[in-house]
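A, B and C are the chain letters, set down in written order, and residue numbers restart from 1 in every chain.
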Amino acid sequence: MIRVAGRVARKDLLIEWRSRVLLWQVVPFGAMALLLAGLALGPTRAGSSGAGPGLYYLVMVLVTLLAAQRSAQVERGAGTRASVATLGLDPAGVFLGKALALCVELWAIGLVLGAGTVLFLHTALRAALVASPSIAATLAALAAAGTLYGALTTGDGSAATLLPVLALPGFSPLLIAGERSFSAAAAGGATGSWWVITLVALVVYLAAGVVLYGVLEDA
Amino acid sequence: MTRLAQRLLGPVTLLSLAVTAWLGLWVTPPDRVQGDLARLVYVHPALAWVALYLSFGTATIASVLYLWPRTRSVTADRVAVSAMEVSLVFILLTLATGSIWGRPTWGVWWAWDARLTSTAILGVLALGYLALRRANDDPEARARRSAVFAILSAINVPIIHFSVVWWKTLHQGATVFTSTRSLKIHGIMAWTLLISFVAFTLAYGWLVRARYRLEVARAGREAALLAEAIARRAAEVVR
Amino acid sequence: MTPVVALRDAVVVAGGFPLLAGVTLEIAPGTGTLLVGANGAGKTSLLRLLGGLERLAAGEGSVLGLDLRRADRRDLRRRVGWLGHDGSFYDDLSARENLRFAADALGRPRELVDAALERVGLTPRAATPTRRLSAGQRRRLALAWLVVRRAELWLLDEPYAALDEDGRALLDELLVDVVASGGTVVASAHDPVRSPAITATVRLAGGRVVP
């Protein structure tokens, strides 16, 4: 399982390295969304609202949708599904590998957009640094969830536009937990209890993926 | 269920709903603080019980039974979709009645109350389940995918609930409605409340049964159409 | 000898449409069978059924000794060699990366990859993403997979399409190798093909085998 996960993760990252879809399409979208968030707050509040952490997570959730969609789309190519199905890869390993690759991608994008939040929305750099472990964990949970929801929408008839409806309710507790601990870091408070939500979600999605991914692949 | 019980389900449901309405609207006294508004207590909690626990729970258990190889059957899939559809209707009714109660109490149709928010998110989950079913043509793929989604949703319910409750409580002090929420209930009011639960539970059973039969009829029609299509296909001329 | 493929009245359905409307077919091991028929006759669906990629909706069937109604389709998929219409696994990966990923997955030695690319004449294009290869070159990449993979049953969807004369000769050569080593080949084509590896031709129309 671990070996398959490593190969699949490497393959997905290699595909991103070759196609640069996230770099050229998703990162600029995220940056633009942050700018729009500032514009929506209005000139007086854009730089001083304290809404930075929440807007950062809102944008990251949207970015996760795009990245998860891309990750699922890679497996949906014309000949890909049939050819890969006959390789007999362990589905649990495929899930873990795809989740790992998505996680690495989200970390990279999260770093760029975190810098954007500090720059545009004037969130304190120190707060961002203090919150970085919780951000990393939240993005990991989003990656695991996104991989699973992405696989739900790879069927022949299903439209990729279905992904947001399926995934966003599941993303909402992560958005809450991430935003609260980021805001707490900005205010110099404790983030303890929010770790429970994030870690429980991470473990639940990883376990569900390991058990259920094969069911989806087979469908 | 025996045939007689099945026949009686509809009339008994209607009767119990009528009794609930009569007791709730005419027999019980208005609340000292909230007046007639408190009569929603004979509707709203029972609706929420059906929406959040009974039907969502049925759909989840049916989905687990479908995915478990030893208990896999189309029946489980049909029960799951029937229960989930009814769940969505009851979730919307729960939100609507909650909102009607909230408007005079809180002054707004929507408050960022933890239960209200998590119920709304649950409604989107039920909607997503039904959208996912529409997006898959193959019956087996549809059943598997939607079963996985139902299970994921069920696991998500407590996570969503706790996160929203904490989001609310760890943020600011409790607002007005938490204290007025617990109504003092006794006598005829308690009986009416109990009967409302029975009535809406029966209504749930009646609706799910009707929806299930619709699903069976649809499957029968699809099988007939398929048989016809196979005959037509086999008769295609070699060009 | 037990047949590799045994189908009786096999039906495959997609979206309420019977792709296969009752196929009865037997294929012995160590043979090469060609499925011919017009567009939409059911050739690809039949290959997909044999590869565990489609579900048997009605009828009976066994492939490589696995009952199509009962066995886990995953077990079947693992044992067949598949050559789809598009010939590649991931479009954004190069020919070499694709073959290496697939070889690793099946535990085939990596050294085979470069030798296979050499044999099909793709060495100069080995590092190009497969989406930039021509239809014929993609076909050749598929042929390289035929060299790397070992399978009891090979399923090839339109293998002769888009291949030049050299390519066709190479394909025949490879298929003869497969059959000679005890493997079974089932391939599809629009029109009958003359090939030393093909020992039987089955005609499909309207999702059925026709005489």
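One rule holds for everything that comes next: contacts are C-beta pairs under 8 Å (C-beta built on N, C-alpha and C of every residue); 3 or more make two chains touch, one makes a residue touch a chain.
Computed from a predicted structure; not experimentally measured.
Farthest chain from chain B, judged by C-alpha centroids: C.
Here the chain at the heart of the structure, going by C-alpha means, is A.
Between the Cα centres of chain A and chain C there is a gap of 37 Å. Inter-chain spacing, taken between the CA centroids of chain A and chain B, is 31 Å.
Taking the mean of the C-alpha atoms as each chain's centre, chain B and chain C sit 48 Å apart. Shown for chain A are the residues that touch two or more other chains, namely 156-157, 218. Multi-chain contact residues of chain C, defined as those touching 2 or more other chains: 14-15. Across the assembly, chain B contributes 137-138, 140 as residues in contact with two or more other chains. Touching chain A in their complex are the following residues of chain C: 14-15, 48, 51-53, 73-74, 77-78, 80-82, 84-93, 97, 101-102, 104-106, 129.
Looking at the complex, you find that chain B touches chain A at residues 67, 121-122, 124-125, 127-128, 131-132, 135-138, 140-141, 144-145, 147-149, 151-153, 155-156, 159-160, 162-164, 166-167, 170. Looking at the complex, you find that chain A touches chain C at residues 4, 7, 11, 14-15, 18-19, 74, 77-80, 82-89, 156-157, 214, 218. Within the complex formed with chain B, the residues of chain C that make contact are 11, 13-18, 21-22, 38, 55, 203, 205-208, 210.
Chain B contributes residues 137-138, 140, 222, 225-226, 229-230, 233-239 to its touches with chain C in the complex.
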